[in-house]
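Heads up, the next two complexes both have chain A, just with different partners, chain B and then chain C.
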Partner chain A sequence: MRYGYYPGCSLGSTAAPYDQSTKAIAKPLGLELEEIHDWNCCGATEYFSIQKTAAYALVARNLALAANQGGITQLTAPCSACYLNLRKTDNYMGKYPEINAHTNEALAAGGLSYKPGSLKVRHLLDVVVNDVGLDAIKEKVTSPLKGLRLAPYYGCLLVRPTLGEEVDDPEYPTHLDELLDVVGATVVDFPLKAHCCGGHMTQISADTAYELIRRILQNADEYKADAIVTVCPMCQLNLDAYQSQVNGHFGTSFNLPILYFTQIIGLAFGMKPKELGIGKEIVSASPLLSKIGAEVEEPEARPARRRRDDKSLPMPKI
Partner chain B sequence: MTEKVGVYICHCGSNIAGQVDVEGLAKWAKENLDGVVVARDYKFMCSSLGQELIEDDIKNEGLTRVVVGACSPHLHEKTFRRACANAGLNPYLCQMASLREQVSWVTEDKELANTKAKALISGAVHRVQFQKELEAKEVPVNPNTLVVGAGIAGIQASLELADAGYQVYLVEREPSIGGHMAQFDKTFPTLDCAACILTPRMSDVGAHPNINLLSYSEVEEVSGYVGNFDVRLRKRARYINEDDCTGCGICIDKCPKKVIDDVFEAGLGYRKAVYRPFPQAVPKFPVIDTESCIYFERGTCKACEKFCPTGAIDFEQEDTLLDLNVGNIILATGFDLFDVRRIPQYGYGRLANVFTNLEFERLCNAAGPTEGKVVMRDGVTQPKSVAIIHCVGSRDVHYNEYCSAVCCMAALKFGHLVKEKTGAEVYSFYIDLRTNQKGYEEFYNRLLEEGMHFIRGRVAEVTDAARMPGEEGKLIVQAEDTLLGKQRRIPVDMVILMAGLESRADAHDVALKFGISCSMAGWFTERHPKLAPVATMTDGIFIAGTCQGPKDIPATVAQGAAASARVQSMITRGTVEIEPIVATIHEENCSGCRICNDLCPFNAIDFDEEKKVSVINQALCKGCGTCVAACPAQAISGAHFNNDQIFAEIEGLLYDAVSGNGAKAAEPAKESVPA
Partner chain C sequence: MTEGQTKNDFLSEVIAKTAGGETLLTCLQCGTCGGSCPSGPDMDYTPRKLFAMIQADMKEEVLQSNTPWYCVSCYYCMTRCPKDIPITDIMYTLKNMAVEAKYYDSSDAPDFSESFIGYVEKYGRSFELGLATRYHLTHKPLSKFSYGPFALGMLMKNRVSLTPERIENIDQLRAILNKAKSLEVV
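On to the complex of A and B.
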């Protein structure tokens, strides 16, 4: 399976472990990730609010480069913001002729052009879950993450806005849950799984961002998660790097490691933590590593018989 | 052509005359169209004076064809055909042009309206001269009726027919009749208990000599036509011999297997593997559920058989097929509840104390799993605060756009019951409150006085993730209060989701089986939304209750009675006229390719194996013309829509473009010559 790979700026700096772990698991997963030559920044979340044509052109340049790079039809991005920008630009250029015309005019200045729809933009998580497939991943798991309680955190940009052909439910997605289940971890119910991490609000209004980060950490903590698993460098940075500030601000004492889903897959494949960039995080993941493989009591195979005096009502099936 | 055509232009008050020069049009027709001997205009052609005008002309002027330019033939074709028949002219020699629906109502420019009106009249005048005399056929009506579905609609329809002295076959899929209404606790706005008013009707059905009750049965096949339907039923094996069973219920007591009852108890209670959905079930005979029965799973147990005092248990019983002939069919197949799991942010299935409206009905019901105690999922604790979320799956572009019609009132009823039984605070999250029937608004006022809180806003999510003090351990309902313009978070103990009504999951298949149509959402389509609400486009098939669209119990009962009245009038008349506008296959041209057999939407075409030709059952044929168009050998002709008639009509419509047709050809547009 061959994909154009758009790492985005974060993966070269704060999210280097994401890049490292992605490349480490690509081979066993059978993914051929071909980096787009001379790619540029996607403009992140703000640029579209400042100058539309330039913002679309900035993103479309990457699309144009990818589409011209020898037979690439699918473009994957590990960062949710990059993924959204690439997907939105492709989608809007197809939907709105005016945006298409302006953007291509701008691209022409650099001798490029892009025909909307020529690439299918996919998030790395979608590629792993739906193209590689959960069964194939399950087969490759050598050290199941038994006893590890993980909170699946999707963030807001992966599943919103709906542009058609959605991968998962925008309000309560579950495909990361399924992946974590397959690698042997215990997935905790995580009601805030698709809520915002604050994004760049840490730079604009720190108090607002701290509150958003606190909610997510607290919710994972309440469900006794050992770690939060993310699919986005922004989410990882906010939850990890600002955790001590949040603790100071609210007088809390959260100590939750924040890992990328690619690192989790790598661990389940028996790779060394160092190969996966684990150790570079700010809230250390080492307590979690020692838990892997620890013996835990298996729940009884048969549900206990209902006691005669049990008055509780049955739960609906999901 | 030697026909004498009369043309009649209706003013329809100002409906047509306001936009079309009706006098001028009549004059133009007389002067320009071949065959027209009389052309008149009149204020209301459909009035008796208008009709007499036509009748007199037929008698005095010797008209052989009539064209009426008025409204859509859907409305008055019958009227004018009857007028012709009264004057001794075959009614199929009358043709209508729709000057109202197709011209005056939809054309803003008067000049264009006049041009279009001329085209339509010209088309009709051309066509009518090719029309042939046709005779309607009369067939007898079998006085027996099939009613499908024994909820309150089917029960009402059956009782009305049976009381009038006619035989009814009442078919129900579930082991007992009663439908959704049997599951409910109280009914709005009067708060009388559903069982108290329903169960007497149910036992009437069970005891009625004219009602043949076929529960645990389904319709397999339907063929035939109005007055004479052949129906094949599958009576599923109950594994209990109905002739021997006394309904004592010992088998149920002795059965060791308990399973969750997903149907009657809405998943909130348990039943045995051999069960009766509820104590007042009609018929009283239990059913063995083979999916959960230990004997069917492992081959041993038979506790029920050992203890049955009359030896009524029969593990070898098989489904039986039953063939019936009936004259009319009433469909009353009801609704399914919207599956609230489709809106995961409301937490149903994850958060224990989120309930559906149907679950809550069972919770309130004195015969339900908690004996009427309003408690949380642990079965013991009373809630101190309850949120009711309206429009779950309704009025939502992502799910169903329509309003489910009953949820607002049911929510008010729930509010009252919660307050009465627990004294808890009740918060209703609504979009609009719709209380538009007799006594409903008064009930709403009553709840306002009882102190139910109303918050106008669609709920964003129900979560157990506490954020603020006082939220711990609660379910937090977050919504924008659109009257305040503020986000609100209300912590509560229990949430009730007012799931909307959806058509039955198999509604499209059922519609196909009975040859009727349904909307995209699966609701069966009535013949006319106002004037024929319980009839369908298929003669002899009627619909009643929620299978036609969401409605409450009073409206459902009214439709059940209405459908029965329609059937009674068919039975009393004794015969029914069948439209002669049907297709005919000319055997000598038919190659026996059978292309038409599968295309026919009414299953009216069979294959004659001996002659190797297809044959149309004229009683079933609706004259739609699909087969006529599809036949590669042109071996099929459609009466009233043959090639001569259609080409003549097209030629007439194009009167200003076709020369030599009697109408003065419009001057050809001058070609612009480049300078």
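On to the complex of A and C.
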């Protein structure tokens, strides 16, 4: 199965483990992911906030490049925000003639064009669950994740807004639950599974973001999850990298590793945690891995510096 | 607008600049949007109230309010709206209009968005480290201490790119964006 692959900016930096684990499981899943040549940023939510017409054009350049890349008809994105922007731009160009006209007028300035509907935009989770299929995945499981309690976290942009041809329910989706079930894990009930992780609010209004992050963590903790499984770099970053700030802010003591669904599949296929980028999360996944008999290699801590014990003048301090 | 109402340019402008925006006229004032909003408690006005204010031609109050800037784009309101009003898209329209009119003064949010797109226009990709550094030093110099542990953790786990990546055909992208900016917002 051949797909155009749009990794998005995060997968080159903060979400590098998502990219690594996606590539690691692609082969056993029979997925041929062909990166779109010279793709650009999807604009996240920021470009739409400043100027929508330019934002659609920014996204549409990627659609045009993908549609021109040797017979690609399906475009997959692992990041939920990229997925939404690509899907929404294609959908709105098809639905609103004015958006289509403006976007194509802008694309023409760069010698490109895009006919809405030429590509089918898919989230990577949808491709894995519905194209590869749960039965095929189940057959490849060599190390079932017995005894692991996982909270399936969908976030917002994978399931909303409803634009037609939805993959799952916008408020109570279940396809990630089914996937975690076939790899042998115990899927915990998770009422806030499609609530917001705070998005870019960590940068703009931290208190707002911390409260939204706290709700998600607390909900998973109440159902005694060993980890939260995500499908989006932004959700992973907010829940993982800001967890200690949230604990400091609310006096809580959450200690929940946040892993990508691709890493979970890789573990069930018997791959080494390191091959899947596990070990780069801020909240360590080691306790969870020892539960299933896998070991993680943490980066070695630097040796502590020795104090100077001579009588010379003190070192400068900030 | 129905006949007999006074002319409301602001309402017409919001509708014209939002695909599917004419549904705003059908708003029932049911409040499902505000009740579904995760950041509702931080907003000056809930979306329901804001829509009533648009219908009442309160342009300055609407464009100066923090409501659109607290929208996290979770699309819960839009999914639940019984009249299918594209609420999140209307919030984007209001942000576009507020930026254009320079109608905000107490929010860092527009500057964050502008810093973000600054990197996209320069490199074609976003650059998280540059964005966070530039934005935090400009806006929250004192918060860099609380931001420290986060940044250090990410650096030690090798999850931050230290240099921005530039796409090959950046001139093509800039030509497309410049053309788009000369066209009307829909």
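In the analysis below, the second predicted complex is superposed on the first by the 292 of 318 C-alpha atoms of A that agree within 3 Å, B and C clash if a C-alpha of one lies under 4 Å from a C-alpha of the other, contacts with A are read in each partner's own complex, and residues count from 1 in each chain.
The working rule: a contact is a pair of C-beta atoms (placed from the backbone, for glycine too) under 8 Å apart; a residue touches a chain by one contact, two chains touch by 3 or more.
Predicted model only: the values in this text are computed from it and were never measured.
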item	value
Partner chain in contact with A:169 - chain B first, chain C second, else both or neither	first
Touched partner set for A:110, first chain B, second chain C, both or neither	second
Chain B versus chain C, judged by how many residues of chain A each one touches	C
Partner chain in contact with A:44 - chain B first, chain C second, else both or neither	second
Contacts of A:32 with chain B and chain C, given as first, second, both or neither	neither
Chain B versus chain C as contact partner of A:139, first or second or both or neither	neither
Contacts of A:313 with chain B and chain C, given as first, second, both or neither	first
Residues on chain A lying within both footprints (that of chain B and that of chain C)	171
Residue ranges of chain A in contact with chain B within the complex	169, 171-172, 189, 191-192, 215, 218-219, 222, 310-318
Contact footprint of chain C on chain A as seen in their complex	9-10, 12-17, 38-41, 43-54, 56-58, 61, 92, 95-96, 98-99, 102-103, 105-112, 156-157, 160-162, 170-171, 195-196, 198-201, 203-205, 208, 212, 241-242, 244-245, 280-282, 299
Interfacial residue positions of chain C with respect to chain A in the complex	17, 19-20, 38-39, 42, 69-70, 72-76, 78-79, 86, 88, 92-93, 95-96, 99, 107-110, 112-114, 116-117, 120, 124-129, 132, 135, 146, 149-150, 153-154, 156-161, 165, 167-169, 172-173, 175-181, 183-186
Chain A-facing residues of chain B, complex	260, 267-270, 341, 343-345, 347-350, 352, 356, 359, 369-370, 375, 377-380, 461, 463-467
